[in-house]
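Two complexes are shown next, each including subunit A; its partner changes from subunit B in the first to subunit C in the second.
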Partner chain A sequence: MTGTLKYETPHSLAELWPLLVSDRELTGFLAGGTDLIVKYKRKQLNLTRFIDLKNIESLKGIWLDENKNLHIGSLTTLTELHTHPLIQKHAPLLAAAARKMASVQIRNRATIGGNLCNAAPSADLAPPLLVLDAVVKLESDQGARELSIKSLFTGPGQTALKIGEVMTEVMVPVSEPSDKVTYLKQGLRQAMDIAMAGVAVKLNMSGNLCQEAAIALGAVAPTPIRVKAAEEWLRGQRINEQSIAKAAELAKIAANPISDVRTTADYRSELVSALVTKAIQECMTQV
Partner chain B sequence: MPEMIVGKSATKYDAFAKVIGEAQYIQDLTQPRMLWGKILRSSLPHARILNIDTSKAEKLLGVKAVLTAKDLPGRRIGFGNDNEVLKRNKVRCVGDEIAAVAAVDEATAIEAMSLIKVEFEPLTAVFDPELAMAENCNVLVHESRGSNLSLEYHFETDEAALAASLDQAAVVLEDRFTLPFVTSSAMATHGCMALYRNGELTIWTPTQVPFLYQHELMMATGIPGNRIRVIQPTIGGGFGAKLDMYPYEAACVHLSMVTGLPVKIVFTREEEFQASRPRQPMIIDLVTAADRDGHLLARKAKVICDNGAYNSWGSTTPFVGMQTISSLYRVPNVRYDAQIVYTNNPYSGAMRGYGNPQHTFAVESHMDMLAAKLGMDPLTVRLINANQSGDVTPQKMKITSCAFSETLREAGKELGSLPSEPGKLRGKGIAGLLHVGGGARVYRSDGCGAVVKLDDMGRAVLLTGATDMGQGSDTILTQIVAEVLGLEIKDVKVINNDTNLTPWDVGSHASRTTFIAGNAAKIAAEKVRSQLITAAAQILNANPDQLLLRNKRIMVEDAPERFVDIGKIVRSLHFKQDGKLLVGEAFYDPPTEMQDNQFLGNVSAAYAFGAHGVEVEVDRATGVVKVLKVAAAHDVGKAINPLAIQGQIEGGCAMGLGYALSEEMKLREGRVINANFLDYRLLTAVDIPEIEGIIVESDEQEGPFGAKGIGEACCIPTGAAVANAVYAATGVRIKELPITPAKVLEGLNKMRSTFDT
Partner chain C sequence: MALISFMINGQPWKGQVEAHETLLDLIRDKLGLTGTKKGCDSGECGACTVILNGLSVNSCIVPALEVEGKEVLTIEGLSRGEVLHPIQEAFISEGAVQCGFCTPGMIMSTKALLDSNPHPSKQEIRQALAGNLCRCTGYGRIVAAVEKAAKMGGDDLAGNDSREISDKV
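On to the complex of A and B.
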């Protein structure tokens, strides 16, 4: 509690960059604050300055471009994610995942950018964005770059953001109505919980044959991950009990969970297999 | 004569104030020039204190006092005097109080704490009560005691008969049941505000037991008890954790004595987890023996309680657990042994049920296992053993009103009708309970005082010693007084939060308030009533026997047009020469007895019975247990306020379901590692299933209007009922709470591999 905390409120990216000339390592970017403030109060962060991004209008908004990419401003709240008509229509998986997070009050504050930059292995938005092949836009005074969401997470709480970079946008290719998508999350209770494991699945089917499969896991590895082995296995397969069981087994092998205060590594492994099975089955019930 | 108010649902006395945020909790209270106190707590579970340097903290601007053990009179505190207000030579658990700081604001107090330097010599610690009791354990939590055994409880019926019954038994079950640390998670954390001035102490504190507290604070501080005034703000939940007088409270008093200013200390949520009193973890080795028809022959329990570093009132919970072992169902031969063992964990205390949820989990799991072993229906095996009116149990508890069988039949009746979905397994389970329901004589007095005064405007004020910590006793007491005096509920006010005003009461514990304080209020009101009737008989020129109190009037029963307003009678008594006040007083102490040193005696004037039925759906792939419904049937004697009972039942079941499924205070080296509501999983509104409260009335002759206690009863059998339902659904028997998905899945996988081979 000793020492002072500086608080800055830039109103545009142009106002932001000069603030980042110094003390960048000791700066926390404040969006919803639902992770940052909690960690700061618990003295898990050594920061001397908060830069509040909430007044930067260009970080807000949801729009569709001509290439069928959904652009989601990094300050978009979880409530907006699950209620916005464009998200509900073009990225229903993301809307559904947002709805499963935290509580109403927290969803009203927490943002997509914050959830991703906090980079918890259990971040609920990560597995859906991974299977949707989302791209994030990172900006600094040096300019902008785009990064596949797969390359964003580098470790627990670690991202590929460089010091001085902020996430400004998340771009999601529009889901086609024929895409079969599911996100399953298992906590110890049905609300206000962090996943013991989370599984997102996206399937494209041609009849009973799987054309494309994407499977992502949360909370069972140092970062949210895609499961290439299971995806490749499913590609070209008929979806039936045996092929699902094999995919689930491959996902279980790919997972590398830990034991923590929430549950054991063994149970997380079992959960991966169970949830991948359920998620594929649930996809197959979608018409 | 039918009752007008008693028996009908009434809105909670304090509901409006709480809903609009007007109720004043300790967190809301302030005083001119009030200082903020903070406690520096040990970060180590076991260590010698070599040196404490407070010099930097004392110099910080805004700091008014820094106290350590050397500044205090060194009085021992706690049950068995094994504790100190501030620790002098040694800390025995994480969270132990080392220093107390008072400063002009909270931030300064926190900063001052960070400036205190404590030099420790870490000591080897022991966290497992079985290891603490082992021969080769070289860690002593309290060296002077020579062992880590704090207390022992032993009860047994005839030894030879017990041995013979075990020999004759067709079935003997022997299992270990393990119960975790859980905490009551009261929404309002602990806190107090002390003001010592002119030799008088006023302390505002959310204690459940103001008069015992007054005494304990006297012992802790040396301030004469007749100079201590205890005022209770609105209490945001007690559940037993507010039975103890805490070290921080005595420290707060000393801070006020030193500074001459009011000082307030309020716990953070982390402190609430680490330094308030959780429910005891227990290891229960239970033996149950029965004949081939399912009649119980014997029960033996060996119980190890993790006491933590010091005693609290909670160290006496085997007193209640023993009753469950000896007296829940008819069982002729009993042996009970409990050991309360010191460890370097946080010290456990009382929490709703006072040892009973743990013991009932074991007993009621065994009842189901017995039924399975004998191929009997779980309900049948319970019904043939159920306690009945007129029974005297092996501990000489006299069962008066008893609708146990009816609650057992009701609880499971409507459950289990729907088939399972694919991949899911459904099952229902039941579990019964016995708890004190007519007070509990654990002190020389189990009494409560009440004074009812009736004002000239026809308003009654009840002064009672009974504490309402949220459970709703104020509502019940106003109903009782209104009923007796023919008033409306809103004409009755309760004053119960100031030891300067209120008559003595032993406290809100043991589910005793409706029964004991209700009887006291009723008798006091009846004394006022008889004075009113005497006066009214003169005014109305009628026979007192013919008079009726209704709607704020006294009327002649057969001629209701002959009436007089109650207010008018009071005025007629006040406004004349040699007038009189209309005041009635009573001290009700139930017709019970202290148990002797053999633990024999009828401790309660009535016993509460009940049963919970639970239906669950278990996911075969994940092991996740979803509770679909709870049907909770309770023998309440008489429902004075059915709505309040439903509230108690819903709250109790929510607590019981959390105990069953999700709650566990996890410790690493004595430190709570999930000291927040994200990782300590209280169930949320969406997790709570439909809870059907089934009220069964048995008309207890000694109870006020026939009522018995319900407060603790409704959280006691839920854990066992869930475990039994999970077994019914899956065949997996979980003997260790909480029933996590990981444990269920492990059990399912074991069964699958057994089938495979």
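On to the complex of A and C.
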């Protein structure tokens, strides 16, 4: 890394806000740094200052409220996500997705807030959080607001965060043991790979009849997306080969993939349909 | 520029650090501990793996300023004088080293693994080392070395350090 760079370490949000009166556009919030530092080193960012968020205790911790919402501090690392008993119990989908990401070394640093704010179309936590109907809490010196995760992503690398706004928390309604959930990710290798496509599915069944379905896709559109058409189709259906095939087809139509270094748009389309099929089948094997 | 102090391999270090400096550059260039390698310099290869407050990290993407008040363990901190760590012994005896560039990182990842899971399965070993690339040996011997290290009691959990502790070295 080169250049003149300032580095600040506020110990609370109260200490953070005054730092943001100037140079807000040239400031990078530093969480785990696994996206930020890599981009900065590649000179993809024009920044004069890092503000390290990691000393702000209120951005840490995982707890359950009386309304059965799991509160996950934005600084929670991927390692914490896949090992924390509350996440394993109440949001197993999230724990499983975190485990499929990157390497041990990266998971020890990378945070949930960083994954969402970096807003890569391939961000692995996005599809699971989309099907879980997560809500993110954003704060600035103007106060706090809550935003459905569906409204968070506005484009590749783009979010609804205003300049100077910090993500403080991710709130996830607890999963019931009867919820059938899965996240499938296809990369070139099993480990350490950015997804060519990712699919999260959540089903609520009554017998063989689907009561509710949520399906989200990653890496196959400018942002991670929910597939409403496929969800509506599945609602009230018996889950069998035909209904799964139709859902997979609808998901494929909803995807809008590009070709890039990892693979082609056509292959991504095929992946969506294959992964949606497999994900629903996997859900159905869960008791 | 800021003054930081932290523990490196059990010794205190204090000095000036730039905001843009990485932990990797600090330990190699300012501390002269060149056992930790720079491969990709972007979090992909694991050659720069060190243990920061008990967790393995890619030192090439950790800002040096962040280690203020923390503890860092590098490959140089594993042996006790002339007495090698069991993980190092296992890598040597299994022939898990060719050019050796990936080895310090492999060994630090292995240490982090064994300290949290002293008896890992093959699959767990492979997953634990997924962030460490080797361009020479293939991974078979490396996995065998980790299995051997585990058998030798290569974790440093309380009461399970197989090295002789000697004040003389």
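By our rule, the second predicted complex is superposed on the first by the 284 of 287 C-alpha atoms of A that agree within 3 Å, B and C clash if a C-alpha of one lies under 4 Å from a C-alpha of the other, contacts with A are read in each partner's own complex, and residues count from 1 in each chain.
Rule of thumb we're sticking to: a contact is a pair of C-beta atoms (placed from the backbone, for glycine too) under 8 Å apart; a residue touches a chain by one contact, two chains touch by 3 or more.
Bear in mind the structure is a predicted one, so any value in this text is a computation, not a measurement.
Student: Is A:Lys6 touching anything from subunit B or subunit C once the two structures are fitted on A? First, second, both or neither.
Tutor: Only subunit C is touched by A:Lys6; subunit B is not.
Student: After the superposition on A, what does A:Ile37 contact: first (subunit B), second (subunit C), both or neither?
Tutor: After superposing on A, A:Ile37 lies in contact with subunit C but is clear of subunit B.
Student: Pick one for A:Gln211: touches subunit B only (first), subunit C only (second), both, or neither.
Tutor: Neither partner.
Student: Mind working out whether A:Asn240 is in touch with subunit B, subunit C, both or neither, as first, second, both or neither?
Tutor: neither
Student: I'd like to know which partner A:Met192 touches here: subunit B for first, subunit C for second, both or neither.
Tutor: both
Student: For A:Thr154, is the partner it touches subunit B (first), subunit C (second), both, or none of the two (neither)?
Tutor: Touch status of A:Thr154: no partner.
Student: Looking at A:Ser259, would you say it contacts subunit B, subunit C, both, or neither? Reply first, second, both or neither.
Tutor: Neither: A:Ser259 stays clear of subunit B and subunit C.
Student: Does subunit A have more residues touched by subunit B or by subunit C?
Tutor: Comparing subunit B with subunit C, the partner touching more subunit A residues is C.
Student: Taking the two structures together, which residues of subunit A meet both subunit B and subunit C?
Tutor: 1-2, 190-192.
Student: For a test of understanding, state which residues of subunit A touch subunit C in their complex under the given definition.
Tutor: Where subunit A meets subunit C, its residues are 1-7, 9, 30, 33-34, 37-38, 41-42, 50, 52, 54, 79, 102-106, 108-109, 190-192.
Student: Spell out the residues on subunit C that touch subunit A in their complex, using ranges where they run on.
Tutor: 2, 18-22, 41-44, 46, 49, 55-58, 61-63, 65-66, 109, 112-113, 127-128, 130-132
Student: Which part of subunit A faces subunit B closely enough to touch in the complex?
Tutor: 1-2, 186, 188-194, 196, 261-264, 266-267, 270-271, 274-275, 277-278
Student: Contact residues on subunit B for subunit A in the complex?
Tutor: 107, 110-111, 114, 619, 621-624, 661-662, 666, 673-674, 677-679, 681, 683-687, 740-742, 745-746, 749
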